[in-house]
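See the structures that follow.
Two complexes are shown next, each including chain A; its partner changes from chain B in the first to chain C in the second.
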Partner chain A sequence: MIVGIPKGLLYYKYYPFFMTFFKELGLEVVISPDTNKGILDEGVKYCVDDACLPLKIFHGHVAVLKDKCDIILIPRIMQVRNREYICPKFCGLPEMIQNSIPQMPRIIDKPIYAGTRKKLYSWAKDIGRLITKDKSKIKRAFNFALIEQDKYKPGYNDNNQGLTVALVGHPYNIFDKYINKNIVQKLNKLGVGVITEEFIEETLIDEEVKGLYKRPFWTFARNSYGFAANVYREKRVNGIIYISSFACGIDSVVIELIKERIGNFPFMTLKIDEHTGEAGLDTRVEAFVDMLGRGVI
Partner chain B sequence: MYYLGVDVGSVSTNLVLLDKNNSVVEKIYIRTKGSPIKAVQEGFKILRDKYDNIKVYGAGATGSGRHIAATLIGADAVKNEITSHAVAALEIDREVKTIIEIGGQDSKIIILRNGVVSDFAMNTVCAAGTGSFLDRQAERLDIPIEEFGDYALNSNIAVRIAGRCAVFAESDMIHKQQLGYNKADIIKGLCDALVRNYLNNVGKGKEILPKVFFQGGVAANKGIKTAFERALGFEVIVPKDYNVMGAIGAAILGREIAEKEGKTNFKGLDLASSIFESNSFECTDCSNRCEVVKLHENNRSIGCFGDRCGKWSNRVKAI
Partner chain C sequence: MKITAPHLGNVYIAAKALFDGLGIEYIMPPMNNKEALEIGSLYSPEEICLPYKIMIGNYIQAIEKGADTVILPGSCGPCRFGKYAEMQMNLFNKIGKDLNFIVIDAPTDIGIKELYSRVNQISKNSRRRKIRQVGALIRAVKVMNLIDEIEEKAHYLAGYEVIKGECKRLLNSCKRDVLNTNNPRDMIGILEEYKRKLDSVKIDKDKNPIKIAIIGEIYTIIEPFSNLYIEDKLMDYGVSTKRRLTPSWWVKDTLLKPTKLNSLEIKRSASKYLSIGVGGHGRECIGEAVLAQKEGFDGAIQIFPLGCMPEIVSKAILPTISKEKDFPIMSLVVDEMTGEAGFVTRVEAFIDLLERRRKNVLSRS
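For the complex of A and B:
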């Protein structure tokens, strides 16, 4: 049996877990290619119009993958931390896909609560049972998968250049180079290093979040706010760039919270959508770097 | 001693010639009309006819078409519009604290403190409330864009128009117009809506202190200028060369770099008679499928644009 994993949304954060789990169960795993124009076009064609760009792109990944596998993972990730949730659109992702894309193969859509190891294991047991009756094999696959996930350290931490900026935003906006038009490379070319939230310890992020009048119940919100507040307070960076999908509800709140916290500290929001022309993004990035460097004027 | 600045924007292409004191000797404002190369050439033709034997010691390019312009003319500096506008404003008046710049598809606010950019913001991916939208509405109402502002000044009462989205604004304007409101009142309402939208959106959270410079093509619109003054409560200054400020900044930056390098890359005004052709193709070497544009001057390729990996844009430079 071949299982397909679309290279979209939280793939960038959690692919070692899913990939190892299925491989250890003896399945062949296929992954969709890196996001490209064809995938974007497919995604825009199938997805409901008002969704954000990363969701449309996820639809595109599913569309190019669906005929290459017998079963496809549409991860309904509800939680990666206790008492917190992901974005509301993740909860309905399998339904969106099934109602938008015709001739879908079987899908794995069981909700994933990864707040504790025990809860995640219960997902693994249910999915594993579809594939094998051997309980110990499932347990072994699950343990291996967690080990591989722990080894995986995504993110950027480059403060060896003249200037450093913190790149804030949902992981797929940071890691999908097609979505963000390779912003890390653009910044590096301008002599700017990039640091991302993965390199600030969880406990430090928690500390910052305590300052809010209400505990954020979205994981993205907590990470983005806590990260930005920390790099600002500890003066780890020269400026902050927030990559935000057009029409993102979570970001509309988080960006305001960050701005309120950091006052006059250099901050820029980059809105991304279907545009493939890069002139607008280049202008903003260059001007921001000019401002940080104060070299030109 | 002359310095040339070229600003290729979405709606207009502007050229300026500065003398050694950075004063404007000539300014040319041409509608880009979708062909930046032709617009630049047209500008060069005017310059060549008027200033036959001048020597340009430095050139700079800015605007959303700055990369194509830079390849075309051999620019010494290629700078974004924010920096260019700030440089030009500070050249005129070191006291400027805020720049409002509204162009064809961008609107910006630049906050200057002590002669450096301390903050800026641009409209997001949406171009509501910029020059191209005003153009479109003027066309729809059958009013020359040059008279748009005068209409607004003739009105005493503004009709409320929804300002946060160009599409909403247009439907609201049409609804109001079909109810019988006169054009002047609708236009005044539109000016107020654009200013409201600008201040709530681009200018949100920014400390707008005088002196405020209003630059970019839209600054020609007296209706918008007055609406800004009403909303801010103080004078908004439209500098004499408001519509070519980006080009002035580019010329100054080009001069700085050329002087530092001791030479200029500028190719000369004869560019006007070259034959430029561009063709585009989809690169199939990887899954990105970039739309690559190749630019030829007299059958010799001079540059490529639009590839993500740099394979094409680097290749031609090497030739």
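For the complex of A and C:
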């Protein structure tokens, strides 16, 4: 049996887990190619037009993958931390896909609660059972998958250049180079180093979000806010760039909360959708870096 | 303390009953209007949802009338509504307008003690005895239920009335008259009288009007200003409408939520298409579409604010329901730019479609 994993949304954060799990169960795994124009076009064609860019791109990945596999993972990730969510659209992702893309193969859509190891294991058991009767095999695959996931350290931590910026936003906006037009490379070329939230300790993020009136209930929003607030307070960077998608309800809130916290600290939002041109983005990034450079001298 | 609360449909009527009963001064924001929306948009982040913007307009117009405290219900995700309060507090700090916020969150999120202390901030301003405070609350709930019932009846009977426009006229004068007293008991009396009047509206049972269910995001379907008064318009066209989500429904649903016994019928109907809650009222929207078809409605109209996350999920699913059940559903997205003309055209075209379908069925059989 061949299982397909679309390279979109939280793939960038959790692929070692899923890939190892299925491979250890003896399945062949296929992954869609890196996001490209063709994938985006497919996504735009199928997805409801009110949706955000990352969701459209995910639709595109599914569309190019669906005929290459027998079963496809549409991860309905409900939670990665207890009592928090990610985004309403994640909860309904499989339904959106199934009702928008025709002739889908079988899909894996069981809700994933990854707040604790035990909850995640119950997902793994149910999915494993579709594939094998051997319980110990499932357990072993699960353990391996977690080990691989633990080894994986995505993110950037480069403060050896003249200037450093914090890159903030949902993981897919940070890691999908098609979405962000390769911004990290651009910044490096301009002599600017980049750090991301993965390199700030959890406890420091917790510390920062305590200052909010309301417990933050979206995991990645919590990270973004905590990270931005921390680099600002400890003056770890010269400026902050937030990569956001148009029509992202979560970002519209987090950006406000961050701005409120950091006052006049250099901050730029790059809002991206399928019409965003590379040239316009370049200009804005260059202008921002220019401004930061003047601040240093 | 002068209390205000953002508009949501007819809730202001119940709010007046409550605060009159408690003997606390209540400042009703001017009925929702263009200016409120303009002020709100000016002070709000561009991409925040429409309800947020209108609410900001309400607060500012209420402050102009002397309000110093606002109460609003909270929630803890997954949707943005849960973050409204915090962002709004920050905003008022920044623009230097004094406004005290009392956010009524669920005890599961803030603890029963905190909830008690927040409620106490309100009730300590009432010089009435505790028992009378409870009475005031009970009467306010009664007022809310009555006005919701009256409105529901009027919307439905509008398709059957013999004298054109009678239901709408009664509904409007009811909303006017009920504000003419400061005594909650009298309010209840007035409402009951209007309920009786509506019951005796002359109707033509053989009429068989077009019936449309109104579904979608709760604020934009309940608050008429935000949906360009769509229900009023449909009354004018002689269409019967039904909307399950009302303030009284919301209260009941919220109270029952911890037991998971809330809105069972809606959840059950949604389960084939969406088995899980997606925040806001996305699952309700799906369930209501299914129910409306089952109950013999001609079609449904989904309304939601631009960028509303749960309703975008529903919007992706609704076409399947529509196709499988041969049931027309139209989605309308509203924001501060929505123009009256285009909106009306689409609603009229939808009614036309429903009428044509009926004729086709008749001529075929």
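In this section, the second predicted complex is superposed on the first by the 293 of 297 C-alpha atoms of A that agree within 3 Å, B and C clash if a C-alpha of one lies under 4 Å from a C-alpha of the other, contacts with A are read in each partner's own complex, and residues count from 1 in each chain.
Just so we're on the same page, contacts are C-beta pairs under 8 Å (C-beta built on N, C-alpha and C of every residue); 3 or more make two chains touch, one makes a residue touch a chain.
Worth saying up front: this structure is predicted, and the values here are computed from it rather than measured.
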Which superposed partner A:217 touches (first chain B, second chain C, both, neither): second
Which of chain B and chain C A:38 touches, first, second, both or neither: first
Which of chain B and chain C A:246 touches, first, second, both or neither: both
Which of chain B and chain C A:104 touches, first, second, both or neither: neither
Partner chain(s) touched by A:71 [first = chain B, second = chain C, both, neither]: neither
Chain B versus chain C as contact partner of A:87, first or second or both or neither: second
Touching partner for A:204 - first (chain B), second (chain C), both, neither: neither
First, second, both or neither for A:96, with chain B first and chain C second: second
Chain A residues contacted in one complex by chain B, in the other by chain C: 246
Chain B residues touching chain A - in the complex, by the definition given at the top: 64-65, 67, 79-83, 86-87, 90, 106, 115-122, 124-125, 205, 253, 286-289, 291, 308
Residue ranges of chain A in contact with chain B within the complex: 33-34, 36-38, 178, 181-182, 246, 259, 264, 266, 268-269, 271-273, 275-276, 279-280, 282-284, 286-288, 290-291, 294, 296-297
Touching residues (chain side chain C, partner chain A) in the complex: 45-49, 74, 76-80, 82-83, 85-87, 89-90, 94, 109, 273-274, 276-280, 282, 306-310, 312-317, 319-320, 333
List of chain A residues in touch with chain C within their complex: 47-48, 50-51, 76, 78, 84-89, 91-92, 95-96, 99-100, 111, 212-215, 217-218, 246-253, 255-257, 260
